[in-house]
Amino acid sequence: MIIQLDKFQGPLSLLLQLIEKEEMDIAEVSLAKIADQYIAYLKTVECNNPEEMADFLVVAAKLLLIKAKALLPFLQPEEEEEIEEFEQQLRMYQEFLEASKKIQAMLSEHRFMFARPFNRKAIVGIGKQFSPPKLLTKDALGSVFSELLTRLRPAQELLREETLERKIHIEERILAIQNSLIKQASIGFNKIVAEAQNNTEIIVSFLALLELVRMREVTVGQGELFGEIEISRV
Amino acid sequence: MNTLSSQIESLLFVSAKALSLKNIAEVVKAPLEEVEYAAEELVERYKGAVSGVQIIRHAQSLQMVSAPENAKVIQEFIKDETTGELSRPSLETLTIIAYRGPIAKLDIDRIRGVNCSLILRNLMLRGLIEGKVKKETQETYYSVTIDFIRFLGLNDVAELPDYDRLHQDDTIDRVLAGAEPNL
Amino acid sequence: MNTLSSQIESLLFVSAKALSLKNIAEVVKAPLEEVEYAAEELVERYKGAVSGVQIIRHAQSLQMVSAPENAKVIQEFIKDETTGELSRPSLETLTIIAYRGPIAKLDIDRIRGVNCSLILRNLMLRGLIEGKVKKETQETYYSVTIDFIRFLGLNDVAELPDYDRLHQDDTIDRVLAGAEPNL
């Protein structure tokens, strides 16, 4: 695949590229069709920034919802609305993407307008003029600088903390589910996510489960609305 | 031309930077409305005349600049090396801010579907956007700067193609209103 | 108006000093005679219009200046720009330059996270800081002026409160080391 995934380009850009490649419009049907491609593509991407990956996964979850709805047309109206909003978001992003191409074209014409360069003499005149803020003292300078240093410090530590955050891979979760099913023929989804530390982990586990269903390795059943999801080996 | 217009012209010329209408009104000691009216007239007059000097209007400020068609000559003369090149993510973010500014960071993130912190920081450093904190909510709202408009060769951001439609596209408001808080 | 006049107008606008016709002819790459003719026309046109900007001709040189009848307003503007206490952002910028100067503009921008051009310009206008261009890199480095040091009652920046400790604090070095390269 020759799709370029720029570091900051984001999930919507990837999705639009996939849709354009298939020469489709933004619609529920095309999004359902593209879901597998999108997820397949994510797997090929090396991403060591969990936050960035999370952005891609949120979109993956939405695509899976759309695909699920295509397969199970009796989904709740609540989800209907969410899908519609997502389509709108994508269309809006596409509009701005088009606009950004026009802006790029304008910039490349080099029709820059220049301000006059700052020239003290031109403003103040030849005479030397010194106009200090009358109330400013050396002590005020010292305390302002100390405050500035304090403000700059915590931001640094916060950054270091983030890099220690644990990464979760879909592959990892797939393996975990597969391993659980070695010992027993079926297991509840709640057991799988019992040790999840955050929502992202639960989402990733759910994506892993959907992936296993797609690969026809497991089947799932749910006895009642919002009931436990039972996962069984095929 | 009346005195007020002439005074505004002199001020814009001497200051060599963007001046807010409020600031101008204070200096010339005239009511803001009159200054607004005179400024409007001035911008139009410069636009109408094929002149080597133009006036940009943006966010209640005015700046006098050289005409876009002479960019090459001026760039050579002042040895300016601006290329106008931007990475695609920067360009996307700038586009959204140009059409929809002042816009909150969260809304930019929602439109692009990614966290834009790093890009915003970089655009601020380059002086292409500026952030203003809204007092009530402590949220920062971003707008493009006059410097960015200078590079486009426009007198006003409203001259961007499709500005009216994209500026107030109601689907944007719908998406922003309905978007999940955690995206 | 033709292209040549417009180019001359733009050049005079961005140039702080008078330009000789010869110099202009070199920059716009046109024969001196044509430049002379266009210049004459330009001067006449400006004379005819009541404008806040004028073009004056001294022998073989041209200069764009503000209209003399607006001198009082300009004085008022300069007074406005150069009196009063400093805003918090200006004060921060000034202390960074006092404790860390001589310091490059880009580094000041990075420390504050925003483009500081306008603040630096105002501090220069008031005579509180000055910039020196480093020959090798063409980068401007800022320091506080002797006038400002004396105003604080000091002989040298090193006499600022806690200078040794604050000057050497590595927080800023870490911010600068971690700064993203320009996108």
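In order of appearance the chains are A, B and C, and numbering begins at 1 in each one.
As a working rule, contacts are C-beta pairs under 8 Å (C-beta built on N, C-alpha and C of every residue); 3 or more make two chains touch, one makes a residue touch a chain.
Quantities reported herein were computed from a predicted structural model and do not represent experimental measurements.
Just grab the chain with the largest centre-to-centre distance to subunit B, centres being mean Cα coordinates.
Most remote chain from subunit B, centroid-wise, comes out as A.
Which chain has the mean of its C-alpha atoms lying nearest to the mean of all protein C-alpha atoms shown?
Per-chain C-alpha centroids ranked by distance to the global centroid put B first.
For the interfaces A-B and A-C, which has the higher count of C-beta pairs in contact?
Greater number of contacting C-beta pairs: A-B.
Please report how many Å separate the Cα centroid of subunit B from that of subunit C, as a whole number.
The computed centroid separation for subunit B versus subunit C comes out at 21 Å.
What's the distance between the Cα centroids of subunit A and subunit B, rounded to whole Å?
Roughly 29 Å, centre to centre.
Suppose each chain is reduced to the average of its Cα coordinates; what separation in Å results between subunit A and subunit C?
42
Mind pulling the residue numbers of subunit B that touch at least two other chains?
Within subunit B, residues 13-15, 17, 64, 66-67, 69, 74, 78, 86-87, 89, 118-119 contact more than one other chain.
Can you list the residues of subunit A that touch 2 or more other chains?
114-119, 122-123
Taking the complex as given, what residues does subunit C use to touch subunit B?
Per the stated touch rule, the residues are 1, 3, 5-15, 27-28, 49-53, 64, 66-67, 69-70, 73-74, 76-77, 80, 109-110, 113-115, 117-118, 121, 180, 182-183.
Using the touch rule from the top, collect the residues of subunit A that touch subunit B in their complex.
It is residues 6-13, 51-52, 55, 58-59, 81, 85, 88-89, 91-93, 95-97, 99-100, 102-104, 106-119, 122-123, 199 of subunit A that touch subunit B.
Show which residues of subunit B lie in contact with subunit A when the two form their complex.
Answer in residue numbers: 13-17, 54, 56, 63-69, 71-72, 74-75, 78, 80, 82, 84-89, 91-92, 94-96, 98-99, 110-116, 118-119, 150-154, 160-162, 166, 169, 171-172, 174-175, 178-179, 182-183.
Along subunit A, where are the residues that touch subunit C in the complex?
Within the complex, subunit A contacts subunit C at residues 114-124, 128-142, 144-146, 148-149, 152-153, 156, 159.
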